[in-house]
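Presented sequentially are two complexes of subunit A, the first with subunit B as partner and the second with subunit C.
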Partner chain A sequence: MLRIIAFPNWQSRSAREARWFYVFVAPWLVGFIFLTVIPLAFGLYLSLTNYNGVNINDLKFVGMANYERAFSDSNVLNSIQRTLYYTLISVPTGIAVSLLIAFWMTLDIPFKGLFRVIFYIPYIIPLVATTWIWKLLFEKNFGLVNGVVSAFSPGTALGWLIDYPTETLTLLVLWLGTGGGMIIFIAGLQGIPKDLLEAARVDGTNPWQQFSKITLPLLTPVLLFQLLLGFIRALQIMIEPMLLSPSANGTLGVAVPAANRFFMVTAYREMFSFNRFGYGSALIWLMFGTSVLLALGILWSSRWWVFYDDNRIFPTD
Partner chain B sequence: MVTRQRVVSVFAILVLALLTVLSLQAQEKVQLDIYIPANELSDADIALFEEQNPDIDVVRLIETLDPTVLNSRLAAGDTPDIIRLSAFQLPLFVEQGILLDLTPLLTTSEVLKTDDFTAAVDYFLVDGVYYGLPKDWSPDFSLFVNTAILEEANLTAPSAEEPLSYAELAELATQLTVVEGDRTVRFGLMYDHLFIERFIQVILAEQGATLYNEDFSAINLVNNEPARAALRYFYDLAAAGVTPSPINPPASWPGEVFMGGGTGIVVYGYWFGNMISGAEEGSAVYESVAMLPSATWGGEARFNPTWGPTGIAIGATSAHPEEAFRFFEWFIAGDLGQARAASGWGVPPLKSLLPLLPRETDFQQANFTQVEQEMALPGFVIPVNPYYNAEVFGELWWSYLEQALRGTITFDELVESLEADVNATIQDGLLNAS
Partner chain C sequence: MTSLNKPFDRGFASALATPRRLNTQRMALLTIIATLALLFFIPLVWLVISSLKSDGEVTVYPLQILPRVPRWDNYIQAVTVVDYWGAMLRSVLLATGYATLTVVSSAFVGFGFARHRAPGRNFLFFVVVSMLILPHLVVVLPQFVLYSRYGLANSYLPWVLWGMTGAPIHIFLFRQFFAAFPRELEDAAEIDGCGRLRIFWQIFLPNAITPMLAVFIFSFNWVWGDFLTQALFLAPDQTTLAMLLAAAYRNPQGLPLYSLTMAGAVVYILPLIIVFLIAQRYFMEAIVTTGLKG
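What follows is the complex of A and B.
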């Protein structure tokens, strides 16, 4: 009995290891607690108050009012609709294009390395610079794209950024993100055992059968990763539509065309235009909850469609 | 006999004494935390102030404007000694008790005299209490006209003395607009749509009407005929493509478009003249711009106030209000205030500094004359609703204008939605008010 309640042996090897473990993780743990957990908890608290950016010493607790408001706010409901539309367009398109280019880049073609670099460059150019270039290209009255169009059809000026804002944004995001997706898919494709494909070829399968029966199933773990990231990024899109908006100079959020007022753009406007920081925090927490649920849903569904090459359906099985 | 040990001991004592004196001197210094960006308070400015005020250490909290820094300091209850803020922020800050009442300090100041204040200073006056001073301001409804474009259109430049009516301005702007197919080659008129609430208020004030009810608890648009007419004016210009709109936006902000010859007229303040002065030979605005009086709707009087100046205030919890006020005086009227006036990027808040405005070129002289002429108008402070930011009006206007111009809502619905949304924002502000 005495042995049970006795203090552990601090000199034991396991205790020493445990001590060193905590010593090494302590800097990260302290940072995580003070820079992540506490601000998050504070943000959650603010979402239950009437915080307007300056009344921190005079906060009123409003309970779930900010969350209830979100479900009856037509701006928010419309932004959810737009965000879903954008997500459903951009995520599958992004994955398909990245995969296609990655597939192409693994074939024996001349200047393969150069093409890989060219496709990857947009991914590493700062977002602000890229978006600025796109704005100049797609500007209605003086943009280069309309300049080319009007060379064939004088006087034509298409409102790319205002009449087709979501489509133009999708193109931009596709252009920006394809390089990153391509690299990951190339890594996935190169990890597929060549002997499997060789054996299939010997058995007389055609290229489509090789792709659909071998390559694609073995690529599903990478697809899962891309899908998760793609959905989270698409749901939280904010900076790109703001920067791409016409005449957004110094007045972010003001001139975002209606079709591009996504959920996070709406949350930003509520906080920084309307000074509804409490309400904006509630919107951000709703987005966080939705993202977590969606990620869990995708992970849960993966047991039926993600295949690991050691015959396990799920890596932990 | 002087031993080496004795020499070392004496030297050590001397060093210790010197360090003690220096540390005591350092302790006597007062530190001022200042929320002003580097482009308005440079390192050289700080060095000059510290040289003139050896008992004060200035710590500039930001390099560029960063509201997060200010918000964090306010949230932590650590209000900076000096705060840069706009007239739009002032009511909220006053309501929260963040700013120091400067009235007692101003009554004894040798540098800042209330009878030397220009009308723009009244933006920082709340219920007879001064909470700050603008660093500078401009008659922001002045018109800048590209005379080369007028000549190209065979039009004569409007008078620099007699103001255009808003109807005449619309007619002139329409004549200057150039459209080729779907493409707008040149807009006739541009203004900062974010500040349209300011335009409406001035137009209403000329007619003796108001935009808000007396206690600012509601905006009146739907049943306010002068306000509807003013909104209709800007709506019609946007619908006709004379001004940019959400469905035909400009390539950049109005000033830059004007500098590139993309609009014939732009509405801006005196400061914009300085930008034009810097235009290079061969550019679209080189020696071909005239600053004109503000347009008038017609009514009891014409006004050309500032939209809302930016200035500085002292934190109510400052541990060193006297030193902070010394900096305040220096920033407004001292070396830095004088240099700012001489730069021509705005009209100084003090009448005594007006002669410092640049007048080297004919253009600068003409602009100076315009400022004097517009300052002779009745002083008018555009009311600032304490319960919401006026830019919200501009943002909502732009949102609903897009829907109206696309035909998904009518103009009447635009007005109704605008009123409803602004009133909802005001209600939030009212609920938050202590």
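What follows is the complex of A and C.
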């Protein structure tokens, strides 16, 4: 009786449906709270303390000191610079190359299936293996790349992994990431109505006009998502440069040379190599905040450059 | 869903097809694509070649392209000088366990989002989609600090927890898949007195074999290839293949033994490539669903 008074529609179909909804999403919701929200909040709390891994029982609250410290720490500032440089070269090249290859894969050329598999396979190869391959290819003295270059200009011994680490890393990410982007762009390209392109052709446009005036605008929702993922991934790059470091082994953080210390590498080292968990947590929260702001910024900018049909990333229902 | 195997026959191709120029243009394009494909393929060829060299041949200067004699023995050594099979067993168990759990839980949650109206549903779905672009590391590192506080590190338990709570990208995939089912299917079952759980378990799940397979392979590959969380959360006596490959093959001076590492790496990635070649179609269609629709 009480139940009926409190919830007049308790027995109604829609109320029943709503209850079942929460039963079904419960596993994710519980996980989201305990495995995402609480760790994030815990990290935020630690970032305001001097936690060093052992002093959990007499933590000192240091306010914003860890955050202030980040902006005067030359290690951090250098790593920000490196990360930005890497992001700005790797994200546009990654998107451009995968879009170009995807475009080719929609053309009428022989062996397309084979090419698609070749471009895609690097995407499924585990990073540990990939970084080993890269070390062998780009090694200064016995690497394949210098060996091939030496055939044209004898004695070439570029220290790719040490002197051009960011560029070598960009090539690695390009190699392993192109396939994933390619598949998504192929599907996007195939979703473009053919009669539209046919009509443009009849009207006497050239292929470039068709691409820039029809294909590209219709592809912008896919581009938006790829851009979001690309930037977030690039900013938080960590494990690739760590594994590429010449003496990477079980104790990851210590051995990373300065040139490979991207922002998250620095945060990792602060936490796990130097036990400055408070400071490291502050760096992670800076990354989190930056990512959220960047994502919002890109989404906000999309109103000017993304052409929406019904392909919204965030459905409004 | 657009089939990826359907040739994109009319649009761009016909636009290029001013008949006389077609052949030279196509040949030029084919050459460019083939060259690029070759560049993409060389690292893998180099991996296999290096796995058949002696370590001296790998590190000799100037570069020696091929081994004098292919040393198949490297493969035997690679799986015997370290506890390769033990690590593989742990990788298989961890990946299978996680993938099985996450298939069921993601389908369960995806079904909830797809087939029920409720206050808060759109907001929660917005959260799921936002999680797709949340930096993974930003959560994993504090998780590790927290888990170690409560004794959850150095165990397989984190994978059980991650598996049971579903992965946003797969929840999203199942939600898209289940949302396309006809309403009548459910109504008929409800009239027959079928509860929601049975509708999910006996009607929707058996009709979702393809996405389940794709999600299983994705998740399996993720755990199989993931180094960081295993290095963080597992104890040294729980070494998986990813951890083993990162550091194990060294000479007494601590320098890497390249040829053995490469042989170990070939054995490590071969299962993934074989499964991918067999399941290619489902695999790519699933990526397309998660990457595009919404």
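Everything that follows uses one rule, which is that the second predicted complex is superposed on the first by the 286 of 317 C-alpha atoms of A that agree within 3 Å, B and C clash if a C-alpha of one lies under 4 Å from a C-alpha of the other, contacts with A are read in each partner's own complex, and residues count from 1 in each chain.
Everything that follows uses one rule, which is that a residue touches a chain if its C-beta (ideal position, glycine included) is under 8 Å from a C-beta of that chain, and two chains touch if they have at least 3 such contacts.
Only a predicted model underlies this, so the values are computations on that prediction, with no experimental measurement involved.
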Figure out whether A:Trp20 sits in contact with subunit B (first) or subunit C (second), or with both, or with neither. second
Looking at the overlay, what does A:Phe288 touch: subunit B (first), subunit C (second), both, or neither? second
Using the touch definition from the top, say if A:Ser273 reaches subunit B (first), subunit C (second), both or neither. first
Is it subunit B or subunit C that touches the larger share of residues in subunit A? C
So, does A:Ser150 touch the first partner subunit B, the second partner subunit C, both, or neither? both
For A:Ile80 in the superposed arrangement: first (subunit B), second (subunit C), both or neither? neither
Between subunit B (first) and subunit C (second), which does A:Leu244 come into contact with in this model arrangement: first, second, both, or neither? neither
With both complexes overlaid on chain A, does A:Gly31 touch subunit B (first), subunit C (second), both or neither? second
Between subunit B (first) and subunit C (second), which, if any, makes contact with A:Gly188: first, second, both or neither? second
Check whether A:Phe142 is in contact with subunit B, with subunit C, with both or with neither, and answer first, second, both or neither. both
Subunit A residues where the subunit B and subunit C footprints coincide 56, 141-142, 146, 150, 249-250
Contacts from subunit A onto subunit C in the complex sit at residues 14, 17-25, 27-32, 35-36, 38-40, 42-43, 46, 56, 101, 103-104, 106-122, 124-129, 132-134, 136-137, 141-144, 146-147, 150, 175, 178, 180, 183-184, 186-192, 194, 197-198, 200-201, 207, 210, 222, 225, 228-229, 232, 235-236, 238-239, 243, 248-250, 252, 264, 267-268, 271, 277, 280-281, 284, 287-288, 291, 295, 311-317
Listed in rising order, the residues of subunit B that touch subunit A in the complex are 71, 74-75, 77, 92-93, 96, 98, 180-185, 194, 244, 246-253, 256, 388-389, 391-392, 394-395, 398-399, 402-403, 425, 428-429, 431-432, 434
Interface with subunit A, subunit C side, in the complex: residues 2, 4-16, 26, 29-30, 33-34, 36-37, 40-44, 46-47, 50, 58-63, 65, 105, 108-109, 111-113, 116-119, 121-122, 124-129, 131-139, 141-143, 145-146, 149, 161-162, 164-166, 168, 171, 196, 200, 221, 224-228, 231, 242-243, 245-247, 250, 254, 258, 261-262, 265, 268-269, 272-273, 276-277, 280, 284, 287-288, 291-294
Along subunit A, where are the residues that touch subunit B in the complex? 50, 52-58, 60, 139-142, 146, 150, 154-159, 161-163, 246-247, 249-251, 253-255, 257-258, 269, 273-276
